[in-house]
Structure formats: C-alpha cells, structure tokens
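Consider the two complexes below, in which subunit A is the common component and subunit B and subunit C are the respective partners.
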Partner chain A sequence: MDARLRRVNKEITDCKNDKTSNVKIDLVDESPFHLKGTFPGPEGTPYEGGTFEVDIVIPESYPFQPVKMKFITKVYHPNVSSASGAICLDILKDAWSPVLTLKSTLISLQSLLCSPEPNDPQDAEVAKHYMTSRSSFEETARYWTRIYAGGPADESKSGQDPVAIAGLEKAHVDRFEALGFPRDKVIDVLRRLNYRGKNVTQITDDTIVEKLLS
Partner chain B sequence: MAEEQTTTTERELKDYSVSEMYDMNQRLLNESVPDVVPVSELAPISALREEYENGSQLFLSQIDWLVKQGYTHFRRAKGKYLRKCNPRMHLTTHLLQAMEIAFIDVTVAFAYLDQLIQSPLVEREPKVGMSLSLLSSTREDILNAGAQAIVVDDAYEEFEALIRNVAIPDAQGRLLTERRLLDIFQAKSSETTYVEDASTPPNIVFFLRLATRAQLKINSETYDGFLYDPETGEPLDAESFCNRFVDPVGVEADHMQMTALCRELKLNLDVAYLDGRKADNVDFVQFREGPENQAPLTVLYRPGHYDILVKAESK
Partner chain C sequence: MSSDYEYDDDDYYDDEDMIDGTQDDDEISDDDMDIADDIKSAAKGKLKSYEVDYDSLSQSEVEKHIRDDTEHICGILGVDLSTAQLLLRHLKWNKERLIEAYMDNPSKVLVDAGVALTESHSQPQAAPIRTQSSSSSGSNSRRPTRSSSKLIPSRSSRSSPTSPTTSYSIPKPLKASKSIQHFLCPICFDDDPALRTLSLDCEHTYCSGCWTAYVVSKVRDEGEHCIRCMEEKCQLVAPDNFIQSILVPEPGAPVGDPTEEAENAKVWARFQELLIRYFVSCNRDLKFCPYPSCTNTVSCPSASSKLSLTSVVPIVSCGARGIGGQDEQLSQSQGRLGALQGKEHKFCFGCPIEADHRPVICAVAKMWMKKCRDDSETANWIKSNTKECTNCQSTIEKNGGCNHMTCKKCKHEFCWVCMGPWSEHGTQWYSCNRYDEKAGQEARDSQSRSRASLERYLHYYNRWANHEQSAKLSLDLYAKTEKKMEEMQITSALTWIEVQFMKKAVEELDKCRQTLKWTYAMAYYLAKGNEKELFEDNQRDLEQAVEQLSELIESPIEPENIPTLRQQVTNKTVYVAKRNEIVLEDTANGFLDGRWKWNASVDGFDDPDPSLIAF
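Take a look at the complex of A and B:
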C-alpha cells in the first residue's frame, strides 16, 4: 500500500479512538486525502463556544511535505485570512516535520487561537485592529464566533450586523453615512483605515472624506 | 494579463506576506530542482579531481592529499541544484542550502547500509543482528522520548527491513546488494506512477531525525548548555532545539545533531572538509561513538553538499 495512505489511515483511526481530545477528523467525500477537521474554540478566548471547521488536504509526499490546512469557518484572527481562511503558522510551512500528525496540527491551530502573533500576520488589517485596540478586536472576534461559528447567544443569522463584522462603531458609520455616502462604502473605508481606538482621534475627517470620494 | 504581470513585478518584496513568500519559494524551489540523483555509483577519485582541474589549486592539492591517505573512490551523494535564472532567486537561497545540506542524513544512511553489505560474509550475519537490536532499542528510546508509534513505525519498519535484507533474502528471494541499494536511493515517484521504493530514503532520514531527537531529549542534562540557536546564539532546551533544528524536513544537521545521532546509533563517522582552505591536508571531524574495531563511515563535505569517501581496500 501507498506509504501516504497507510499513514493517513493510521492517523484517522487514532483520532477516532481518542476519546480524550476534542479534535475530530471526518471524510469530506470518499477520498482519504481530503478531510475536514473540527475543534471547539479555546476557553477564555473570544473564540470560546464556537465550533471551527478546517479544510485538510494531504499532499502527494505526505508526511514528508506539510499537510495543507485552511479554515472553512470564518475566523477573526491576525494569523488567519478573514477572506480565504488561509493560515499563517510555521509548522504548516518550513517548520513542518513528519513527527507531526493531523491531530497535533489541529491542536496547534487551536492554540494559535489562544495566542495570536500579530507581528507575523496573515491578515494585515485584522492585525492592525488587534494592535490598536485589544478590547475592540476581541469584541469583533467574539461577534464573528457567534455569527459564523455558532457561538453563544446566537441571534438569528439574518440579523448579522455589517458594522460589527467590520469591527467598527455604529456611531462612526452613521456619522459619515449622514454625509450622503453609501453605508457599505463607509464601512469599507473605515475598516481599511483601521478607524478604531486611538486612531479615531488621529485620522481626520478630511482624510476619510477624501478616501470616500476616491 | 500583461497588466497584471507588471503589477506583480512592481510589488515590492516587503509587501509580500510571509505566507506568500513561502509559496513563492516553494514554486521556485520546485522549478529549480531537476531530477536529482540522491546517491550515485562509485566513481574513482580522479573524477572528483577532474571537477577542479580548471579551478582552485588548493582543492586539487587537498584531493591529492586524500589519495595519499588511501581514499581511492567516492560516491556523489547529491547533484547540484540547477538554479534557473530568476531575479527573485535570492529569496530561496537559504531554503535551497537547507535542502542540500539535509542530505547528510541520506549520505550517512547509505554509507551505513553499504558498510553492512560490504562486510565479509562471515561477519555479515552477526553485524546485521547487532544493527537490528540497536535499531529496536533506538525505537524504544524514540517512543520514550514522546513520539507516537503511529508516526514512528512506518519509518522503523522500512529501515529494519532493509538491514535485515542484507543477511536474509526478502519475499522475492533477493538479498540487499549494492546495486539494489542504489536503486532504492534513486527511486522516484512521479505524478503518474507510484514507486514503492521512493518512500524508503525519506523514511530512513526521518528515522535518523527521530533517533537524534530521542538522544537529545532522553539525555537532556548531558547536552544542557551545548544547544543554542546558531543565528542568535540564544541557548535552547532540548525540546525547542529539536523543534527548530532537528525535526523540520529542511534543516541542516550541524555538529550537535551529528554527535547525538552517532551516540544513539553507536556510529563511528568521519567528516572530511574539502573546503580549499588548506593546501597540505584536509580537516577531518571525527565522531567516535561505536565499537573501536568498527571502521568509520567517511563523508566528504564540499561547500553545498556531502559525498561518500571510500578506501579501496575496505571494499
């Protein structure tokens, strides 16, 4: 049998038999090389209460080449692309070793949620938000967990608030919308400018209007 | 399309995220690695000399010195990467070097198995028996050092089967010969054909890494104070040293890793440095962790890669 298949089969069985870890691995279709990982958001973080799904692709030369993983569930985190779910984590790249497994890699993703590395970001805008105002960042991350990861106090999904998703304050968005700009454009510009925390006093209205007009 | 390409070129390097840089490196790396023969046939040392005939006199006199010491043949363990001309190539140099140097593991593994194959018939069985029992105790150490059996055993079983096959015929009635060993080390799967042997060399290299890790972890107090980050000089504990400088597929093995590996597998190893720095001799770094009567495996270091050195009478 193919060395890669042998190894993956062992790993899937091992994960199924392990009742102590809360990490799950499932088949997506009949191929053992395309899998889905699931784990709960770590306690004491804005991700607590959410369930996070990860797309797993086993490359040709696995385990001598790193497994490919990206978040299926949308995550608000400096090291995860908020658009594509791509992950910035050393063990998924040049620190990969065949001693790592799908399960241990998923556990590493779980701990990445506990300890963001804003200096090595995957999503620069989210990283800026994190650096500018931790509390506002956490509020947004919690909101995303609730909306996308089935976190606690799940309000009806139709009630998604684009302002909260962008990690902005309603009052700020309202003020520029009142000047006659479309609401989604205001949200986009304020998000790109990282209009949060102390930046609110540093970015002039003129700058914002200029961006809104461009 | 044309417009898009211009934008990419104009994008400055600092604008790339770490992950984009990595992907770019990987793409370039894939493009820059042609069909490399990891270990090749034994060649007379004159072939090595020819490579330098139009070059450095220092290298030539070092090779002549090796001949005087009785080294008659060598085995190229790794071709050089053909680097395609690319303006962004400097990005990948670090990675390429790491990949090339990582082949010291392959070199040592090949030399180790070849030494068993070349041993006189009467000694072969007891030597294979000793190797197997050593391998099995190394496996215990690896598990005790915290690795999971599901990741260790494929590598262990492949290595064990090869060693056993030096003395005991396999299911097809074949013994492991020098020719067969070469075939295994040159096997390569492609996208369309799966070659069973192709997983053997990386599995053996992986087993050597696991052995290195086990030695460093189990005897961590011995290595305390000797493990550090080669770039920053920051001291490291065994666990973080292994995570960063032993386990990853692309890292180079340095002196401490080789020491640990030789201790764990009880090897005698010489690394000869053909570096063109001296005219009258070649520096040998000696690792002596095996029985006194065991001839050392001899690896020839040249900037960028490792080859195997052979004395004719040991053949």
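Take a look at the complex of A and C:
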C-alpha cells in the first residue's frame, strides 16, 4: 500500500481512538488527503470556549514535506492572517520533521493560540494591536472568538463598551453615528472592514457609507 | 597533494552576499590568484584589452579541489573524511576559519556542523548503553571525531543473529540498526519484521524506505544538500556515505525496482552536483556555468572583486558547446536554434546576465536591463514586426535582418530603424545611431520634458531591440540559405568548403549585433561630450559595416553568382570583424584609462557632474 495513504489512515484512526485528546480530524470529502481539524480554544486565553477549525491539505510528499494548514475559523491572533487564516509557524515550514503528525501539529496550533509570537507576525495590524494595547487586543480576540468560534457571551463584561470590544476607536464610531446610522450597525460594519491602523486611511468614507446603506 | 594550492581565507565572504554575486571588498589580493595559478592551463595567447584571463574546470576537476581541501582538513584536524566534509560545508569552505574555530572549541564546531550530538541530547530509549558510556567520558575528553561513537558497543553485535536483512554491510560510520523485536517505523507505521532500518549516531531509527523518500524529497524537491536527521529538532547531518548507501544499492544487495533505482541514481547525481554548486558558490573566484544541464565551472580571479568590475567586462566561456544532451532533437519551430547549436557557453562572470554584454560594464548593463523592464509597456510598440511605408503608407513586414527596406508597392527605400531615407545612410554626415540632444534640449524648454525623456530612451531602446531582433532574423534567414546551399552542393560543382563563407558571415554578424546592441545601452548612459562622440563614431562605423554585410547575405543566391558573392561576403566579414574589434578594444581601454563619464550615478564611479546628468 502507498506509504502516505497508510500513514494518513493510521493517523486518522489513532486520533479517533484517542479519547483523552480534544483534537479531532475529519474527512472533508472522500479524499484522505484533504481533511479538517478541530480543537477547542485553550483555557485561560481569549480563545477559551471557542471551537477552531483548520483546513488540512496533505501534500504528495507527506510526511517528508510539511502538511499545509490554515484556519477556517476567523482568529484574531498576531500569527494568523485575519483575512485568509494563513498561519506563521516554524514547524509548518523549515522546522517540520517527518515524525510530527497531524495531531501533534494541531496541538502546536493550539499552543500557538496560548503564546503569540508578535515578532514574527503573519498579520502586522493584529501584531501591532497586540504590542500596543494588550487588554484591548484581548477584548477583540475574545469578541472574535464569540462571533466566529461560537465562544460564550462574557457575562462579567456585559455593560462594557462594545466599541472597545470590537477593537475600534470611539471617535470613528461617533463620526458615522453622527451621519444618522444606528450605533450597532456602525460598529458591525467597521469591525467587519477591520477599520484599524492603516486601514483607516485606506478605506474611504464612501465605502463605509455604502456598506452602512446596504 | 593537499596543500599545493590555497584559498585566501581572509577574503572569504561570511555572509550571504556572495550568493547573489554582490561583493563588497575593494581589493584583490595577490593570494587570491593562487588557485588560478594552480589550475592554469597551458600558455594562452596574449589577451586583448577586452578579454579577461580565466580557466574552465570540469566537474571532476572541481571535485578534485574539493577532495584536496577535505584531505587537507583531515590531516590538520585529525578527523575522518565525512567529518571534514560536514565541517567545511558548515563553515562555507573557509578552511582558515574552520581551523581557528575548531582549535578554539572543537565540540561546539562539531555540534554546530551537525557532526556530533550535544551533551544534553536525550537518547531514545532504544540505546541505553550508549548514553551511559558517553556521559562517563565527559565533555572535554570526548574524541572529536565521528569514530568516537564506535567506542560504544554497536547494536549490530546483539541483533545480527535475528535479522533477516543483514546479508550485506553498510559503510563504517553509519549504523544499520537491525530489526529489533516489534520495530514500528514512527514515520510510515510499518512494522514488517523484515524492514531494514537505519539511523545516524543519534540512534533515531527509521525504516530504509522512509529514509529514501526523505532524502529524495530533500534533494530533488528542495535542492538541499544538508540533510538532517528526521527526528524533530535533531541537528545531526547525514554524511555523504550515508546518503550514498541510501540512494545507491551496494554490491550484493537484493535487486530492487529498476525504475526506482534509476530515479535514486539520478538523485545521487543531483546530490553530488549540489555539493559542487555549493563549493563553487562559496568561492568568489569560481562561477558555475549557467547553461542548462552544463556542469562546468569557470575560475576568474581577476573579476572576483567589485572594484575590478568597474574596468573589466569578464565575459567567460565554460569550454562546452551546445545546449545539453536531451535538447538535441529540436522541433521545426526551433529551426533558429539549429544555427545556434554548438554555440559556446558564454556568460558574464561578474553579473547574472547570461550573455556577452561587452563593451558595457556590468553595473551599467544592469541599470539598462532594469530600465527596459520598467519601461517595457511604453516600448512595446517597437517590438511590432510591421511598419508603414513613409511614402505610400502601405504595410511593410520585416523578414530579414537587414535594415535597408524597400517598399514593394512604391519602391521607396528607407531605414527600418529611423524611417529616414536610405539614400542618406551611406554618407558620412548622416548618423542613424546618434540621438539628437539638441532636439531634446528644445523639447526640454517646452513643457514636454517627460515626453522628451521618453523619446531619448526610445531612441536607444529602439536600436537596442532592433539589433537583437535582426540577429534572430539573420539566423532564420541563414537556416533557409543553408538549405539552399546544400541543394547547390548537389546540383553544382561547389564543395562543402566553398559554401562555408555564409556560415562565417552569419556568425560574425551575430557577434557584432550583440556588441552593437550593448553599445546602445552604454551610449544611453554616457555623458555627452567628446568622448561620447568618438564612441558613437566607432559605433556608427561598425553599424554601417554590419548593415552592409547583412544586406549582402540577403542577396539572391544563384550558382553562377556564388564566386563573386563569396569574395564580397568574405571581404566584408573580415572588415566587420575589424570594426567590432575597434569598438571592443577602444571601449575596454576607455574603462582602463577611466575615460568614460556617465550621465547618471553608476555603482563604483564618482557621481556625475550635475551639468552632465541626463534629463
């Protein structure tokens, strides 16, 4: 039997049989070389309570070349592209070793969520946010976890400013609210446009108004 | 035999600079010449001012240098061959730095080079005996060679009786970890008791199938010669004989799948080529031939420093000809290449341009290429093969290399490049090659400054591109002519020798158009003044001669006019070669004398006088 197929099949079976691990690997279609990994956000982090899905593509020369992984679930994290889900992690590149498995790689992703590496960022905007204001970053990451990863609504935080939770600036929200749009809607649109950092200068007011009207 | 030549280690590059050929030193020391002295072939003829001294080395000659260096290190450091190889590669073939670092702290160098394990390395459970004995030896007393691991009881003694696959042995420095009870390959999850297993000194053991697939993937897909153990974070590097034992079946080994063995043999050859390329890239006196599937190397110490490149254009040839074995069968559409077959592997030692860019120096050639790339959009129209007759506006297609166009309809004769009347091109006062700076000056005074600057560029680009295109068209034409000449050999009394004049003429034309092409890149950046005018005079003389020869070889060939034609073509070819020589020699001398001044800032030259800067 094809060594790659045998290995992947065994990895999938082992992962299924392992009741102690909270990492799951599932088929996407019939191919054993296109999979979906799932794991819970690590406790004690802004990702806690969320469920994160990862797209897994097994290359032809696996396991001698690294597996290709990216987040399906949107994640607010310095080493994950907030737009594409692409991941910056050494073991997915040069530090890959054929003894690593899909499961161990998913566990590494899980621990990446615990310990961001802002000096080797995948998403410069997010990394900047992380470096300049840790608490505001965590609010946004928690907010994304709730919105995209099915995380819990944070009871203790109810009544807190929704603008800060969305990682936005009050002045920006006020400005568009002043044009006559409902505050919730402004927050929602600006959050989805990632209206932060240099995006503020790049996204025109017209674009935002268009979105607010749609 | 190991120390009869020496690199100058002080001048080695420590960083990645040498990879892309940019070099920061400013001097060539005499010591640098040592390798060249050693490999210098028999006395060469006296060099012309536009030629550089160089030598070409075959793959096996480079291999010999590698071997000599390695043996030299073995002798000095008292290490075995595979250790010396890994150490030298780790320190980018800088012997002096290796010796120094090794004398300072051998265990650190050995660990960094992936030869030895760190003291803290935790052994896999399979090798408990080894952990004991190596820890008892202490860090300083540990003998710094790979053979130190041989002090430790080898597992072969305990497992050979039970192993079904031990009928042949593996080279000394590696271990064949024989099938232990219940061995499960941690990579492919195969647990067949007949599995052959291998490990480096770290004892991280995998089946031979996985090792092979890993090495093949590293070498073939990644072009990597430094192949580490497959274990995560294990830094041991597989020595060459380990790689060889994986890719090349040993005598007496069971016969495997022939396609797989052929593929592995290819990968082994590729691995060896990678090692040579790496050695060559570490030595700035050497450069690998860029032609596809060529494995020769050129040594050119006189062009190895950045400073030297401001006065010489180091065009070299690896000594080989043709375009590689498997490309021999060319399709019909590539007929032009037929004429190029057997063309020597010429390239520039000083920059990545894979062609003869004389007379212009690398820095200026590079600026020009960049300019052409950046402005390719605006210049696209020139590439078009058709133009309108200036007299009757009918469409005219260019199908030969000659610029003398005659409109089929109205018989108007004109120059393809400047569209001016051809009648004026033979005379002294007409200069098709010279850009009228005055017209540019006037345009500058008006508000169309950027338009004038574009026009100035297009003037040079147009002529540059035209010579390139003409050279190709001449080759196309030659392919047709050659066919006709072959036929004539049959139908007339002409001999093979007698029809060779055409080939010589086309070859000379190709060479001269190459020169002319680059003279336009040079002229674009030359500051205006007397020197530039003299340069352009030489350029014009060569260009006129080239166009005349080009026209001659396009004249209709009939058996009865062959003797006259041959005389004319031969004479013209000699004249053209002489004009080319003048351009090359005068330009090269100008660089040596520091005569050329630029209208833009050029790497390695003083910034131009503000009054000379082109708009």
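Operating definition for what follows: the second predicted complex is superposed on the first by the 157 of 214 C-alpha atoms of A that agree within 3 Å, B and C clash if a C-alpha of one lies under 4 Å from a C-alpha of the other, contacts with A are read in each partner's own complex, and residues count from 1 in each chain.
Quick note on the criterion: a residue touches a chain if its C-beta (ideal position, glycine included) is under 8 Å from a C-beta of that chain, and two chains touch if they have at least 3 such contacts.
This is a predicted model, so every value here is computed, not measured.
Superposition of the two complexes onto subunit A shows a clash between subunit B and subunit C. In the superposition on chain A, contact of A:72 is made with neither subunit B nor subunit C. In the superposition on chain A, contact is made by A:121 with subunit B only, not with subunit C. Between subunit B and subunit C, B contacts the larger number of subunit A residues. When the shared chain is aligned, subunit B and subunit C each come close enough to touch A:97.
Here subunit C runs into subunit B after the superposition, and of 220-228, 346-354 or 400-408 the stretch doing so is 220-228.
Taken together, the two complexes place residues 3, 6-7, 10, 61, 63-65, 95, 97-100 of subunit A in contact with subunit B and also with subunit C. Those residues of subunit B whose C-beta lies close enough to touch subunit A in the complex are 17-19, 22, 95, 147-148, 150-151, 154-155, 189, 191, 194, 199, 202-203, 206, 209-210, 213, 243-244, 247-250.
Taken in their complex, subunit C has these residues touching subunit A: 186-190, 206, 209-210, 213-214, 216-218, 221, 230-234. For subunit A in complex with subunit C, the touching residues are 3, 6-7, 10, 61, 63-65, 91, 95, 97-100.
Contact residues on subunit A toward subunit B in their complex (touch as defined above): 2-4, 6-7, 10-11, 14, 60-61, 63-65, 86, 88, 93-101, 120-122, 124.
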